[in-house]
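In the two complexes below, subunit A is the common chain; its partner is subunit B in one and subunit C in the other.
And then the complex of A and B:
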């Protein structure tokens, strides 16, 4: 079949090359040490800036972005916020990295996924917000999202959404084949085999090799493949947790129990709609996507906790973004004030919720109305209880690489080969590790195993 | 190269000649394969532009869906997000008219000048132009970005138009074409009659050069219309995107947190995007052919 995503993917590859060229000049900036504090003021500046007003540019691809900015401008009429959709995820990072390297053209505030924040923080792109007393906001957020913005002793953004991992399953397919909902990965593998044997056109799930999927699962398994201390980076993609994931996933990959449809392609939506994929293992933000983009799935899907390795409720974060103030901003106090309102005020987070987002603020997550909701799409199940439970069970201590955007872009060339050949993932992980160590050293880091 | 008639076997059976060659079954099959190769994606595009997103996800790719939604898709494409698609179409037209139009004008003037005038440094200049043909535009995109960024031109239409103005290949084509089709004697006659160089160029040479100019214009129009990488890194404001980058943005919003797939609009938008270029091609293809073969046969 024709895969609509192939063209754009190639484009992204080319863009990644370009950003790699520019990054060669930018990543070494980290050797000067984080948080020079240029332009940062104090907490009292924020209210004064809101009063005085001014213009801000805000880059986001969040569907609620426009509505949130409008609500903000209604409350603070002196401020004008221009919302720009500069691309989704890596498309935007390319532009952002280019603008930061070039020294002009970056927005005041930008959406950045958790995995990429470390990279932008270390390359001196983001403003450390701790001098505005943003540290006092910590209690508002789930611990896992807060730790994703609280890096190198600074605060490099405020969390917007979160994606604690859960398992969505198609109950119609489960009933049809007499399957029970797996609670451990061993059961998951057995269920996968049973389903595929009963109907070879059906798979437990799809995985064509996706770093945004593999890494959270390594995280859940207790892996700590990346450790960074200043410019010293250790990469060990064969530590106990990482091997645990690879050995488990091999049992699905090697016998052909995984569909090789790429996630987010038109074929993938099609496979979700016609029941050929029985589960989706992903972040808690998925209900909004299912309801708006897969109307034919209504009534078929249910939510269960992520299968575990050892019976514990451990899970990990998949996806999710923070918003950060870019150091280039000519009005950092106003940008910080907008950000504080955007990701911590009830008015703003409520708009985000209405648009189907899954927030990171505990007040909204623990509200009775939210917890007791029984969406019809999920057969009246109280899905938010499962999702919020997951948000409390995220394993702590996970770190991403300070060049994670690059790392993810070469996943397909290394680990992806093991996926394509249905061979041992450990071999692919080692190839990835070699690539990352070489790249890290070429960027001014001291990278080692 | 000279066309030699001796290659035709005089003992060949009657009914075949150089203008009516013998039919070859193998070649016909190969040609049919190429035809399918070229037409099937186009067919897929037309068929799927008529489907709703639900049909796209549930029905066979090369068959029609349960409903025929081509018109609805076209309306939705032009009205989605306050009609941003129309803006992108306008941007592409702007880049094509200013960029490809300017490129054709500059290439014509420079190629003609190089072919018909002598001036100091001409050989060096020509060597630089020939060398520039070998450098792919993509390789220059990042340095150009850094340069433009220093000049404060990124995120403006100029960042697309200015790089599009340069077409070393077009210049080279006009140079070859001028040497072949504008006799120096004619220019000397015009000069004797007292015509200025500009007047000679516009009233005599340009008419002789028309097929070459149209060829260069076609090359530039196609290149600018399809330009993807340069606008991708130059522009961050969707209000200045051309269609190529805009459609990619629509396509990639199908992924990740808060995914909003609009595959039906991406497909319909792609179909609308190729229609003008197909029309231009059909309209101007005879010039294209004669321009491409310029210089290949010595008269």
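And then the complex of A and C:
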């Protein structure tokens, strides 16, 4: 009991935790095993693994996660799936990255947003699923979501949902001030000015500076600020498309036509509820959020395509996640089999749909029942037709950085300063670019402008 | 028992010197030593070890000696955060400790009606978990719908902007003061309670009045407690983390990722995967904090001895 010799060795995990700092997290120490997942396997292994059974851990924050796992276990009683909510988005990535670095404690399957997949794939955290013939599943998904998991010739997950950007607008406010629904960004700016002039307490929308919002808009504007070829990374936040977005957004930011309420804050929901914000530019997963978090908005909101630069339909993906098999998994074949069922079987995707999700599978997106739905919240509008249209109009060729999680974390330090001072966004973008190039080089990439 | 004669202790010493080692001592110290090594020595040693390496996303882990220290000491972001907490320390700590001392003296004065209630109410904020407290204040600080927005509406001004660049440090200082006033008050109050009643009697006979008693008896008697509270507050200021970190989502552009040294270390390791550099920042801050706390203690106790 008092054997002190054991101390230092067993204390390692705890030590790493304490150093890294401050937050409490579950990091299981003691093991240094590299995990069994070497990635060798074939499609026939999957069915065998399902038959044989075993235990899996699945990290997700999707509301339907638990229900999907239960439906799976009903179908495959030999498999036991433990669903863990290890936090939302970056909170979970922190834990996941720690577990991957520590060599143990990671789940078998985890939810990862599209923007972060490349980072985890690059740090050798995720299993390449192409050896299980996952390439054959391509036709099931919308092109933009499939390309988000298909990186450097590998398949690092299966798409769960997607968030093609659309514009939600408060029709009551629009009617009150005699506004028409903008179809281009120029019209959007004019509408913003008209509304704010008529009632200074009202704004076209809010934007306090959010990388998860700015980047999809850069994407829509045709920007390709990030190009990665292996470890050579080019970062140009002044390319034509990026500048187009910044110059357009400056016209909203500098005259004070944007509310500075942070998205998702308590104030934000209040402002949406009382009509202070006339539009929400966001992903197609928003209807479920509105219905559950903003009951007082019922009947007021409608959906329109995202305004574009030249009037032709173009949009981008805002958010959305895939599920990936973590390389550390002791049972990669079973994990892959679960993943295949989770994100491609009708049973599973239907459960996801019932919970208000916006799927990435074309079969569900194009089902008549889905397209013809007329939710009362949106005044009986056939909103899914607008949303599904958007999912087909995503501009292709967008790439995130292999260190996007870090990049987003310093957005406020750089571009955010332009937001705070209501000054030229291009200056902020350049500061961000400098920061990212420095970071990239310090992490061993060859990063340049 | 200091009465043991030299002879007996020598005899005992000889009897103890047997070939078998005695383990009783270890068994008493063991539980403490075990925990101490796990939660104190090991993390420190590991942090030191980490700070000498650099782990890159591409290229893996390599020994870099003191390179991280050189980088940190010339890192403007680190010093930016450092200067901010020093400023915070110089303004917030004196205000908080003065208020806490006044509260303790008021409760101790025996002139306060229902002093027990006051003591409880002032102490209560300390019982609220820091994160919850900051969330509550975050609601109240809301620029658009919070309490400050209501006050602004009432006064017809736009002066109160708790989340603006000029106000944010004061807003955080206000929260920290609210949280820790009661805690410091209790430290002071318990020091005041230990003053023997005879001293007051003697002072009264000498004709000392209210403020003279405070100046000549109470404050000198509480000096030790004041030094301790000051050291705690210095450490707390240098470790400022919870309050700005919880408020960050509400004031993203004002509270940078390197707002305080602790936030910097946290974001370096968890957003940037720079564990080694984060360990370096943590160690430098630890050393600075220890030195300053030690100086304060030396000065405080020297005055006490005088």
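Following the convention adopted for this analysis, the second predicted complex is superposed on the first by the 411 of 449 C-alpha atoms of A that agree within 3 Å, B and C clash if a C-alpha of one lies under 4 Å from a C-alpha of the other, contacts with A are read in each partner's own complex, and residues count from 1 in each chain.
What we mean here is this: contacts are C-beta pairs under 8 Å (C-beta built on N, C-alpha and C of every residue); 3 or more make two chains touch, one makes a residue touch a chain.
Source: prediction; values computed, not measured.
Asks: After the superposition on A, what does A:89 contact: first (subunit B), second (subunit C), both or neither?
Replies: In the superposed model, A:89 contacts subunit B only, not subunit C.
Asks: Of the partners subunit B and subunit C, which touch A:403 in the superposed model: first, second, both, neither?
Replies: The answer is second: A:403 touches subunit C but not subunit B.
Asks: One more residue to check, A:291. First (subunit B), second (subunit C), both or neither?
Replies: Neither subunit B nor subunit C is touched by A:291.
Asks: Which partner does A:443 reach: the first (subunit B), the second (subunit C), both, or neither?
Replies: A:443 sits against subunit C, while subunit B stays out of touch.
Asks: Thinking of the overlay built on chain A, is A:413 touched by subunit B (first), by subunit C (second), by both, or by neither?
Replies: In the superposed model, A:413 contacts subunit C only, not subunit B.
Asks: According to the stated criteria, A:123 is in contact with first (subunit B), second (subunit C), both, or neither; which is it?
Replies: second
Asks: Quick one: classify A:186 as touching subunit B (first), subunit C (second), both or neither.
Replies: In the superposition, A:186 touches no partner, neither subunit B nor subunit C.
Asks: Taking the superposition as given, does A:283 touch the first partner, subunit B, the second, subunit C, both, or neither?
Replies: first
Asks: One more residue to check, A:208. First (subunit B), second (subunit C), both or neither?
Replies: In the superposed model, A:208 contacts subunit C only, not subunit B.
Asks: Does any part of subunit A touch subunit B in one structure and subunit C in the other, and if so which residues?
Replies: 1-2, 4, 7-8, 11-12, 14-15, 18, 21-22, 94, 101, 264-266, 270
Asks: Under the touch definition given earlier, write down the residues of subunit B that touch subunit A in their complex.
Replies: Within the complex, subunit B touches subunit A at residues 41, 44, 54, 56-58, 61, 138, 141-142, 145-146, 149-150, 152, 154-155, 228-229, 232-233, 236-238, 248-249, 251-261, 263, 266-267.
Asks: What residues of subunit A sit close enough to touch subunit C in their complex?
Replies: So the residues of subunit A in touch with subunit C come to 1-2, 4, 7-8, 10-12, 14-23, 90, 94, 97, 101, 122-123, 208-210, 231, 260-262, 264-267, 270-271, 276, 402-403, 405-406, 408-410, 412-413, 416-417, 419-420, 439, 442-445.
Asks: Which positions of subunit A touch subunit B when the two form their complex?
Replies: For subunit A paired with subunit B, touching residues are 1-2, 4-5, 7-8, 11-12, 14-15, 18, 21-22, 59, 61-63, 84-89, 91, 94-95, 98-99, 101-105, 113, 161, 163, 263-266, 269-270, 273-274, 283, 285, 288-289, 292-296, 319-321, 355-357.
Asks: State the interface residues of subunit C toward subunit A in the complex, per the touch definition above.
Replies: Interface residues on the subunit C side: 26-27, 30-31, 33-34, 37-39, 42-43, 45-47, 50, 56-59, 139, 142-146, 165, 241, 249-254, 256-258, 262, 265-267, 269-275, 278-279, 282.
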